[in-house]
Amino acid sequence: MKIGTVTGSVWSTRKADCLQGQTFLVVETPDGTVVAADQVGAGRGDKVLLVTGTVAARFCMESPIDAAVVAILDQEGRHVSP
Amino acid sequence: MKIGTVTGSVWSTRKADCLQGQTFLVVETPDGTVVAADQVGAGRGDKVLLVTGTVAARFCMESPIDAAVVAILDQEGRHVSP
Amino acid sequence: MKIGTVTGSVWSTRKADCLQGQTFLVVETPDGTVVAADQVGAGRGDKVLLVTGTVAARFCMESPIDAAVVAILDQEGRHVSP
Amino acid sequence: MKIGTVTGSVWSTRKADCLQGQTFLVVETPDGTVVAADQVGAGRGDKVLLVTGTVAARFCMESPIDAAVVAILDQEGRHVSP
Amino acid sequence: MKIGTVTGSVWSTRKADCLQGQTFLVVETPDGTVVAADQVGAGRGDKVLLVTGTVAARFCMESPIDAAVVAILDQEGRHVSP
């Protein structure tokens, strides 16, 4: 997964049927801008966890998407799980 | 997904049978040029949403493609869905 | 998909059984050199369409490959499908 | 797979249900920072093997993740298996 | 596929169960260092063909790996298959 920041969203009237009902967020990452389906109700300014590739579509929903926001980060700390 | 702009299309007489009937658009993205199957009737100059990888082939069609134009963007705003 | 140019081929006597019978072309792309299974009888100098990732293996054949040449381009024009 | 070093972890209260119970490590790699699900109890400073893409989710668990830490390296030597 | 050169191997005592019995080679490619499961008995200095992504795991074995050495190259020539 990658860490990114939500900067906005995109809108489309003319899209593939299978994309209906999805909210697409614009997420800035160190690797560039990604448009990702929102799975957690993220908003502008949120620091989020981004899943990309086939997995984004297969586990949480059944839409033809290749990127999904799957978590809003509380903090990015230095704590390591025991 | 990535945001790109349609700049043209490619033609091929000699191609794998499974590619018949597809329209392939040339899409310019920040990551370079991608050739993508058209799913929404996009044309030159359209700002589009591009899905890449396995998902492009699995959800909207059954052709051996790794990139698809799945939406024409209305606007890329700063509005965040509630 | 990516557009590339065939510059040669590679040979291997010692390879995984599942790769037997495949022709592997060396294809130069803007992203670097890729070795891809030939699906259309492409030759040196041909401008081709390259499919990468899982899709390359799943739709046209059943070999463990991650790149395939699936079309020889006639021309890369500026015509947009109606 | 890629070799990386664990530098910390991330926390999220608001995440997709399917991510519950996973520990997410921050791993630095030559290609940038990746957040990966821990499969081996790795901690800060460990040099680890990182699997990315669909495979990360399919073989060791069933969560919608695209990166997993699957091994802690003993040493990265120059020994080649016979 | 990518062409790379084997430079060594990595060892791990603490790893996911599903990785037992695999030999992991360090392969240098134009895109950086990759750790790949050996499928052909390659050794240090061998010029090899590297398959990456889901395909590496699905076709030749059933381990959670994302890269595999699937062939040792005889030569990288300029000959094009007829």
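Structure notes:
By letter and in written order, the chains are A, B, C, D and E; residue numbering begins at 1 in each of them.
Definition applied: contacts are C-beta pairs under 8 Å (C-beta built on N, C-alpha and C of every residue); 3 or more make two chains touch, one makes a residue touch a chain.
Since we're looking at a predicted model, the values are computed, not measured.
When the partners of subunit C are compared with those of subunit D, the chains appearing in both lists are E. Distance between chain centres (mean CA atoms), subunit A to subunit B: 19 Å.
Between subunit B and subunit D the centroid-to-centroid distance comes to 31 Å (mean Cα coordinates, whole Å). Residue numbers of subunit A whose C-beta contacts span two or more other chains: 53-54, 56. The sequence of chains round the contact ring, opened at subunit B and continued through subunit C, runs B, C, E, D, A. By the touch criterion stated above, subunit D contacts subunit E in their complex at residues 1-3, 30-31, 39-41, 49, 51-56, 58-60, 68, 70-81.
By the touch rule above, subunit E contacts subunit D in their complex via residues 6-16, 18-19, 23-26, 32-36, 38, 43-44, 53-54, 56-57, 62-67.
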